[in-house]
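First chain A sits with chain B, and in the next complex the same chain sits with chain C.
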Partner chain A sequence: MATEVLWWIFAAAIVGASAGVVFSRSVLHAAIFLIGSMAGVGAMYVFLTVEFLALVQFLIYGGAVTVLILLALMLTRRDAAGRPEPVNGPQLPFALLLGISLVTILVAVALDTAWGDSGEGPANIAIETISERMFTGFGVPFVLSSVLLLVALIGAIILARQEEGE
Partner chain B sequence: MRDYTIFIPEYIAAGSAVGIIGIELFWPKFRKDWLAYITAIAALGWLVSGLFFIGKDPNSFQGLIRSDDFTTYFRLLAASIVIVVALMSATHMRTRTKTVAEYYGLLLVAGCGMVYMAAATELLTAYIALELLSFSLYILVGYLKRDNLSSEASLKYILLGAFSSAMFLYGMSLIYGVTGTTYYEGIAEGLTARGSGTDPAVIVGMMLILAGVGFKVSAAPFHMWAPDAYEGAPLPITAFLSTASKAAGFALILRLFTGALIVDAAEWRWAVAVLAAVTMTLGNLVAIQQSNLKRLVAYSSIGQVGYMLITIAAIGYGDAKVGQDASSALLLHIAGYVLATLALFAALTAAYNRTGREDIPGLRGLAETQPFLALVITIALFSFAGLPPFAGFATKLFMFQGATTDELLWLVGLAVLNSFISLYYYLMIIRQMYLFDPVGDISRWKVSPVLWCLAAVLMVGVLFIGVYPGPAFELTERAAQPLFEAAGLGSFQVQQP
Partner chain C sequence: MLFADPLFGLPSWVDAIIRVVIVVMVMTIVVVYLTVGERWVVARFQQRLGPRKTGPGGILQGFADALKLVTKEDIRPTNADRWVFELAPYATFIPVLMTLMVLPFAKDWGVRNLALGLFYVFAILGLNIVGIMMAGLGSGNKYALLGGVRAAAQMISYEIPLVISLLCVVMITGADMGGGVGTLNLNVIAALQEDRPYIVLQPLAFLIFFTAMLSELHRAPFDIPVAESEIVGGYFVEYSGIRWSMFQLTEYASMWGFSVFGSVVFLGGWAWPFGVDAHWTVQLGTTLVKSLAFIIAIMWMRVTVPRLRIDQLMNFSWKVLLELSFVQLIVNGFILLYGWPQELLALTSGIGAVVLIALIIRHSTAKASKGLVGTYRTLGSTPQ
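Right after this comes the complex of A and B.
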């Protein structure tokens, strides 16, 4: 019971923080809200007793990625103070309509579907099992994603590289 | 038993990519056009190593990657496209950037991504392969950093690409949530086991996946990125975008929809049919108003995607026999389309290198100053429109024939109507070349020998498939065969042409 109440509190917090990302008028504030949202998802993983995922979520998404975003914002923008910016365009009504209908559909789908249930609740999965799945069972996507990261790295270098005459 | 030999062709391609980047890193004065020729040679090695896989027994790597004739077909296609695009780029990119090694490296890696999109039989692998191709393309589109249009195109492509990936992933997660597996075979089993009454999550998941891959092949209404990306990209990359990324998208769609989602075909086939109708009509109607050549080709290729989607809808409506015919015809059409597009772009690149203009009046009087290029462009455009005796006629005929089921007659009729619309704007280009006198310098000029040979070879290819499609048809029929064997849809006799 207590976990269930906590779960709902965290769920509401995640939704609130995510709304903050979208609606806050300064990019900087949005990035800070993003940390909250990511950390909330990490807490959800703790409830599901998948501790390794929770750890990864906190370390990589809550920590590294958002700090990187903040640093990039501070380094590339002239005013780091976070002055408000206009966020609404003429497509607001359409976006609203589309967003609301999408949410309705997804909520209806989530409630109306008999989800595949393995019969047992989530168990704490040992890190050995995860590494075995990742490096043997899913070795190919792992290698492919390392190539993908290499491509992303090369792309970042090409974008950031200063050429003569710039 | 893990058989690593099925990866050898891509080891060659990816290894050469790293080598090529290394050459310029340690030897910055290395001639830039030689890098293009090295890339072409590496891709040739890739192609030759791919030839050894023809007719070999299908081989699955842990249920993730399948090496069969279908994979081999797309491997040969990817390698050929990379060869042509690399040769096209040699003189084009030489004067436009200071460093080109990454350009050629990424070209090879993008080709590998395409192969694994065709080979993947598991959702995560397919998704990562798709991203591998997309990431490489984002960078290649924006490679001309000092050109604002190129950077703008790249940014738009990245944003919309990320959006479409998110949709694809969401769809994947819904399907996974219902079936509990990401393997195509497992998904098909899971969906069958659920019996009657499809879950809403499956339907929404399929729609999201369809929207995600629809973005990648630029089907309307998910086509917004295509004209901008085509316009901003360097010309050879526009050629690569309109051939490799579309072929790869259809490879993924074919594998996924025949291997996993065919079980619930009733839920997605109408959506594909509607998508096809909207895509071809919108592509062709908007193409009429374009004055920039690249944008025109973008919209015309959107129209072509519409025709190709008919076969996917037919796979949903028909039985395994129809599916087999439709998908082998689709593979043949892709081959013909790729040949014609590459021929068109080889000629356009040569013209652009000379005139520096990419609007349609820039081709004015080309028949006078460079009759060979005008001929190649004309043949490529007639092939797009589907006039005999060019490739487009034969392949479209097979495609519409294979896709004709009772439910889809209206769609095939619409496609034929659209082909006539497309003829109008193709003829506008041809009119500029043949009926007007050239402006300015009216002396004849020479095309560089590499581009000349390239255009000639591709033109002969277009004519060959158009006049004598038999051998190519047999090839694609064999390539399409594993799709329906793997799905376990019963043993039916494959029709001989």
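Right after this comes the complex of A and C.
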């Protein structure tokens, strides 16, 4: 019962933060709302008792991705004071189209799915099980994705490196 | 997930609140005494007396400072982004407070005993950067912005060697538990070190952890984000009164938290050398003495080593610490996979630690031929 109440509170917080990302007039505020939204999703994983995924969510999306966005904002904005600035440009119709089609697909899928109620709560997945599946069952995709990330890293360094006399 | 039994048989959420309140109160007292303790230690190193007038021997100085800070005016610059500016101290402090929730201070003494405790600590501490960047971006000040950028770059870079050095220890817990499946539970990690602390097996990982920890805490010689003489305080330059003291509270609370965390992972926590069955007062005392040793080592570094430049700092992280930590991880993997004796771990890691220390000494004693210092030196030597 208490868990259910908490679930609704967190769900409302996630929706509120996500609305904040879209409607705030400053890119900085949008980025901070995005962190709140991501952290809320992480808390949802705790309700599903997959603590490992919750912590990964905090680490990757809360700590890394949004920090990257904030860092990009710091380095690129002309006005450091955080005053409102125009956020809508020529991309507005495309963003609208993309958003509406995504909402349509998600709603259609949600309505189309037969939501079974097994009557049991979610079971905790031990980290040993996750690592065993990842390193034995999905060993090759894991290595391939690491190679992909390494290539991306080296590519980024080559792009960012300043050649002599450039 | 919980500790064995809730206190006094209370419902688990009441028990959790009681434990949180106790930890927060202890943290406040520790922080008050760390601020004045740092002044005493630094004064001792610089052959001064330090604050001695408030109360007998100066023991009330910290409370006097705290009172002064909370009664000072809380100024918000008109140029600042209001909500970002006002929420930044909280966004910095809450992750640090949350990491204190999983630290075991003695056997079964802590708020919650998470199975993923070690992972939890560095996942939540990663959120700390967000508050610092909010302070840097929201203040509407160029110095604060510079401090925020420096803090973010530094903390992201040093997080990688920090995590890898902790993983080296987690690998060894796998061998200790049998079956090669390690643990991330901080209580179990402490209990596994009953016979020998992991610093004996992994001196290199400990050195990497300690260096990266100094950097994450913005302590000298890595206090580039808050360097007073360069950017007058960095990201919290615009803060005053209670919000400034929130940043101070965060700094000292995370210093204490990191010290307890490091003593649990590397120095044997509450278990070494008195064993897992010692009385809880002994275990609590062991943890406190070890974390105090950590804190004094941090202060010692502060008064001994001058501040690095930002390029030296980045080079040290990406070109030295990262490689050494990867080498440590791979060597550990080979030794543990083939079941070679653990003395070999201590030997290889010891050689690595000696190499790291030799590298640092060689660099610090080498005469500069490039840059500002080198230019001055060559200017002095050329005949006019």
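The criterion applied here is as follows: the second predicted complex is superposed on the first by the 132 of 166 C-alpha atoms of A that agree within 3 Å, B and C clash if a C-alpha of one lies under 4 Å from a C-alpha of the other, contacts with A are read in each partner's own complex, and residues count from 1 in each chain.
Criterion: contacts are C-beta pairs under 8 Å (C-beta built on N, C-alpha and C of every residue); 3 or more make two chains touch, one makes a residue touch a chain.
Remember, it's a predicted structure, so these values are computed and weren't measured experimentally.
Q: Please indicate which partner A:74 is in contact with in the superposed arrangement: first for chain B, second for chain C, both, or neither.
A: second
Q: Quick one: classify A:93 as touching chain B (first), chain C (second), both or neither.
A: Neither partner.
Q: Looking at the overlay, does A:127 come into contact with chain B only (first), chain C only (second), both, or neither?
A: Second partner only.
Q: Touching A:55 in the superposition: chain B (first), chain C (second), both, neither?
A: Only chain C; A:55 stays clear of chain B.
Q: Which part of chain A faces chain B closely enough to touch in the complex?
A: Contacts found on chain A: 105-106, 108-110, 112-116, 118, 137-141, 144-145, 147-148, 151-152, 154-155, 157-159, 161, 163-166.
Q: Quick check: in the complex, which residue numbers of chain A touch chain C?
A: 2, 26, 28-29, 32, 35, 39, 51-52, 55-56, 58-59, 62-64, 66-67, 70-71, 73-75, 80-83, 126-128
Q: So in the complex, the part of chain B that touches chain A is made up of which residues?
A: So the residues of chain B in touch with chain A come to 14, 21, 61-62, 64-65, 97-99, 102, 105-106, 109, 112, 116, 122, 124-125, 128-129, 131-132, 135-136, 138-139, 142-143, 145-146, 174, 177-180, 190, 199-202, 204.
Q: Over in the complex, which chain C residues touch chain A? Could you list them?
A: For this pair, the touching residues of chain C are 13, 79-81, 83-84, 114-116, 119-120, 122-124, 126-127, 129-130, 133-134, 136-138, 140-142, 145, 148-149, 152-153, 156, 181, 184.
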